[in-house]
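When the chains are written out, they are named A, B, C and D in that same order, and each has its own residue count from 1.
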Amino acid sequence: MRAGIVGGGRGAFIGRVHRMAAELDGQALIVAGSLSSSPQIAAESAREWCLERSYDSYVEMARAEASMSDGIDFVIVATPNNLHYPVAKAFLERGIPVVCDKPLAHTFDDAEALVDLVSRTGLVFALTHTYTGYPMVREARERVVHGQIGEIRKVLVEYHQDWLMHPLEQMGNKQAAWRTDPILAGASGCVGDIGTHAANLLEFITGRRILQLCADLSTHVSGRRLDDDAQMLLRLEGGGKGVLSCSQVACGDENELSIRIYGSSAGLEWHQHEANSLWFKGAGKSWQRLRTAGDEISTDGAAASRLPSGHPEGYLEAFANIYRAAIDDIRRCARDEPLQRQYPTVEDGLRGMRFIARAVESSQQGGQWLTL
Amino acid sequence: MRAGIVGGGRGAFIGRVHRMAAELDGQALIVAGSLSSSPQIAAESAREWCLERSYDSYVEMARAEASMSDGIDFVIVATPNNLHYPVAKAFLERGIPVVCDKPLAHTFDDAEALVDLVSRTGLVFALTHTYTGYPMVREARERVVHGQIGEIRKVLVEYHQDWLMHPLEQMGNKQAAWRTDPILAGASGCVGDIGTHAANLLEFITGRRILQLCADLSTHVSGRRLDDDAQMLLRLEGGGKGVLSCSQVACGDENELSIRIYGSSAGLEWHQHEANSLWFKGAGKSWQRLRTAGDEISTDGAAASRLPSGHPEGYLEAFANIYRAAIDDIRRCARDEPLQRQYPTVEDGLRGMRFIARAVESSQQGGQWLTL
Amino acid sequence: MRAGIVGGGRGAFIGRVHRMAAELDGQALIVAGSLSSSPQIAAESAREWCLERSYDSYVEMARAEASMSDGIDFVIVATPNNLHYPVAKAFLERGIPVVCDKPLAHTFDDAEALVDLVSRTGLVFALTHTYTGYPMVREARERVVHGQIGEIRKVLVEYHQDWLMHPLEQMGNKQAAWRTDPILAGASGCVGDIGTHAANLLEFITGRRILQLCADLSTHVSGRRLDDDAQMLLRLEGGGKGVLSCSQVACGDENELSIRIYGSSAGLEWHQHEANSLWFKGAGKSWQRLRTAGDEISTDGAAASRLPSGHPEGYLEAFANIYRAAIDDIRRCARDEPLQRQYPTVEDGLRGMRFIARAVESSQQGGQWLTL
Amino acid sequence: MRAGIVGGGRGAFIGRVHRMAAELDGQALIVAGSLSSSPQIAAESAREWCLERSYDSYVEMARAEASMSDGIDFVIVATPNNLHYPVAKAFLERGIPVVCDKPLAHTFDDAEALVDLVSRTGLVFALTHTYTGYPMVREARERVVHGQIGEIRKVLVEYHQDWLMHPLEQMGNKQAAWRTDPILAGASGCVGDIGTHAANLLEFITGRRILQLCADLSTHVSGRRLDDDAQMLLRLEGGGKGVLSCSQVACGDENELSIRIYGSSAGLEWHQHEANSLWFKGAGKSWQRLRTAGDEISTDGAAASRLPSGHPEGYLEAFANIYRAAIDDIRRCARDEPLQRQYPTVEDGLRGMRFIARAVESSQQGGQWLTL
């Protein structure tokens, strides 16, 4: 399958990750791209990646690829948040499926428009909430679905980083600059960038939606224009409670994503830094360390592994699992078969946008409870 | 030094712990007790412990011991919460210092009366927030005090157990029965029993008081009369934010007390289940695993260890550190020297009572922010 | 019960540990001692410990205590290795039971004489291989005994410290001085001091004796007169194989004692630094984290805990378990009941001496296999 | 760059890993293969992988590819051990560079012949001792090279698996069958399959060669024809000592590769299951948890990471690092530039063969010390 990419040129982190993940299973090859808004960087980046076709703009790229007989089969959107919607729109309107970075869009209105567009076109649209691709995250969901933990009572989900603990955006760091700029990132910094991953992970594993939240957002670094830390109380569908904490100023925490779920008959615990283990804590029993590809793993959990038990798998492989499912659906779509949507969808993206908006609003009201 | 104890007879957990902790350093010996409200159990328990003197009631004990030339030098209060105040009062009024279990009292009014009484008598009163006795908790406080983590931005403190995940109080478990009975335990179950430890730990290490809280208390086990789980957002003196989670229904968590503190120049992390380690996370540096009695530990942290580095120390030793400091102050008091109060005081107990009351109130109002 | 102690005065580490451990359960009180070979230090140390009776020499102490109506019920030997035998002998010959630090004696001949003497007197003699007192070590033994791991195939046992990585004995450190001096410590440094603990732990848990060994001892610190590191291959009763590694120069390792046992149907793993957990690894199953006092612990394992699950217990409590069993047997002996010997015995001590001798011999022969 | 592969068809584990690793960086694409000795499986496997060209035999493949203008630039050898030599020979003799799985060959003679051939042709030959590709293994080597741990005193290296703890080779498992068959695997099972990885890792990180060994090999599963477990004492260049333990019957251990190195001024510890961390233990200092891509990582260590700190990387990425270095050298070779050999070489492979031979011989002699 031939893929194209918008964004992700030199200096970007996530572009290369998209490439490796998309190509890992030998099912897709990126052949075309509009890798930067700067034509020169775009061209140079394309050369480094050995792309067959490089474009100066995504508009041109969408038009050209759609008209070729061997044009791209799907496009990857890896731009700053403000461009997610226009880029996705340009390709969808020309019949090209989209794999898009999160959050879904820059504003809630854009997000709703995108949901409409995807629905109208019937095309595949996958959102790269990468963390749902980890084998043990899949396993956790399987265990919840099959009633192994009983009724969900309490969930603690956290996503802590520290890379923004200093005002990097005032020191020429491009990644920091757009992520802390309301024009490019949207209404929120930390909640939009990583809190939304945490919320998605919670809903993905538990299958319970967040009904209400009470949020306290902070901007700890002086001069910063968006939040860099947030903590929230959550109330879940079905009566469970939750806590969500996210931070980009949590000194010493590289990229600590974790979730702990307490049910009426068992608990589950997963930490990204030990991604190949899932702790299962049955009532009155010892903790069990479930392992990727181990003998006790469900079909669904095992399918997400590429290696035998004991060979560490990581972030790229999780990312590639999102791609694998999207590519499968793109094939199904081409054969007019029903889609299976084993990846985060445009609707998940819309929920994420609503989550961001409500969190910001709750905090602005001094920490009031709001309904999602 | 001769000590007496009220409560803690057969069937109780905490009584034996008090005995071992009080006597560990060879500075005190429990010689008298009123170990149960049942005279028979009291007498039998006293025999098992080889006490010299056993009493049927604490009133009688206070009177008798106060009048003896070799009467007790201090009393330990290890009863259910509703008796903390009357027992402590009985002894303080006869000039006998008190080491009391937490929470301070059954009601806020009782707690205030106790503060007055302690102040009037000038006697030593120590509250056994055991966790402040751990060497690495002391070390953490030292590091904060000496500015090693900078300004405090965010604190996450948790105390999770699961022993009440089933309705034990309806199955004849005495420990569960009084802890879930508003008459004996007070206004709260989980927050009063362990949430207050978490709040105290946060304030002890950070030296910052909790100014405001927004709490969501839950009763997950049906038929239970008090909360068995709570989660709260906190705002701290000096601008830091916090999250406190406590639970007695967190399936699989034995007794997981932990605290993570994020400052502007370093982070700290401590888990009771790995009590002899403290993680120090300097900005841009590798995590350091500080260890009890290690070369890099402060005088204060090191003084709380009884063994060379690498020999595990635990809960009893932490508990004994509270006793050691209390006994030192009882000696100072007897010599008319100024007290040093290197243990949780009656004022800490009053703050704990206020914390419990506000948490309950906040939750009853649907999760409103309240000032402590 | 009244106890006496020889050695352990000011400057010693292990004396205080013996005291706390012996007294922890409220069943014994140390009342007499000959705490140092220097009369002045002996007297001062005795005052600090509030002992009733202090002696200038152990000979005098043995004679005096044996003749008193309220003389000591047992004696603790906490001297350097070269005195273990003469001190133990002095008390045993006067009918006083002994709890003795390891290794059993200074020479193999002394050790054999001691075995004879204990056998002739019929008195209780316990050796403080502390590590066999840990609850999870007991649990491990129970699991092996009950066939839960099948046939033993491979055992890895390690005891690594680093406190002798510099030539402390040349810098005035008293602990280092006697431990590296052949006159005081015996034929081996590291193997005698800690390797013997590791060998004892292996035999205690597995119930299999070491039949043959091939040892390579090293002296890494220049000028040192005894080994400070050793590694050995072992062949065990029943066909299992083993590796034993011990070191006092393993930079960064405080006091890392661990054992891993691989059987034909399960594995076991225990680390002293996480003493309250035991890993059980059933074939084709997830690892289980068994925990002190947890629901799945055997009667024997649970009896070794003093606290509910989740409250860390440490080295002192393990030590106290050796004392508890010894005291129980001293009581049995006094009542003419059969001894149960739930502690390391004089015969274990003799095996330890043989192990040390053979390890030294094997290494001196360039690493030949020798039979124990 | 165009690559070919011999072996690795359906049912094999390592073939797919080679493909993903070779292609991960977008620098190579596998276009041709002889994937199985069974023509049908070869053809079907090639179709699944979308290869352009499939061959029935490696002989035919070598001839054909060498004569094409767009023939492969290098070949991957992923067959059972007995074919490593003839396959590598076939391609090298036609001027095609080789990336070969380990051990180097089936016999020591073959291995020597291969060293000659590589030397004569001047072609790139890389051996996939994957573990040397981990970022933190590279970092460990850097730290040793730069004197950060001082003189090496002791090394413990282990590689434990349990997948052969039952007689799978008698149950139709193809992977088990060839690995336990002397005809296909060579003189050793466990030592040849994974012990050689451990030995290579030790020499790679420390830069010290193993001079002497004393080995005890076991066959724990009855009916098995080769060793399934081994333990050895090692003496290293420069005076350090070592222990190597490897097992394929270590119940519960998935794939536990670890190394601990103790020097005169610091220690290092790395475990594959926590591959993104390296413990650095400076004398008298707290343990430091160095992390992949962290601020304190050397240029060489950092170059081996593809993701920012905190994003888990695994086995595939380590494998890809071997490929990256090999591909770089293949490019250099084509440009007549000097090779840099930043990957395990044919000489390393020869050392590995000698290690296997000596270990088997030592054990056969009852555990005698032999010189490598």
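Following the convention adopted for this analysis, a contact is a pair of C-beta atoms (placed from the backbone, for glycine too) under 8 Å apart; a residue touches a chain by one contact, two chains touch by 3 or more.
Keep in mind that this is a model prediction, so the values were computed, not measured.
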Between B-D and A-D, the pair with more C-beta contacts: A-D
With centres defined as the mean of Cα atoms, the chain at greatest distance from chain B is chain D
State, to the nearest whole Å, the distance from the C-alpha centre of chain A to the C-alpha centre of chain D. 35
Just how far, in Å, is the C-alpha centre of chain D from the one of chain C? 42
Whole-Å distance, C-alpha centre of chain B to that of chain D, is 55
Contacts with two or more other chains, residues of chain D listed in rising order: 253, 285, 287, 291, 294
Help me check something: in the complex, which residues belonging to chain B touch chain A? 149, 153-154, 156, 158, 162, 165-166, 214, 216, 218, 220, 229, 231-233, 235, 241-243, 245, 247, 249-253, 262-267, 269, 279, 281-283, 285, 287, 366-367, 369
Sites on chain A touched by chain D in the complex: 13, 16-17, 19-20, 23-26, 49-50, 161, 163, 253-256, 272-276, 291, 294, 306-317
Under the definition above, what is the set of chain C residues touching chain A in their complex? 280, 284-291, 294-296
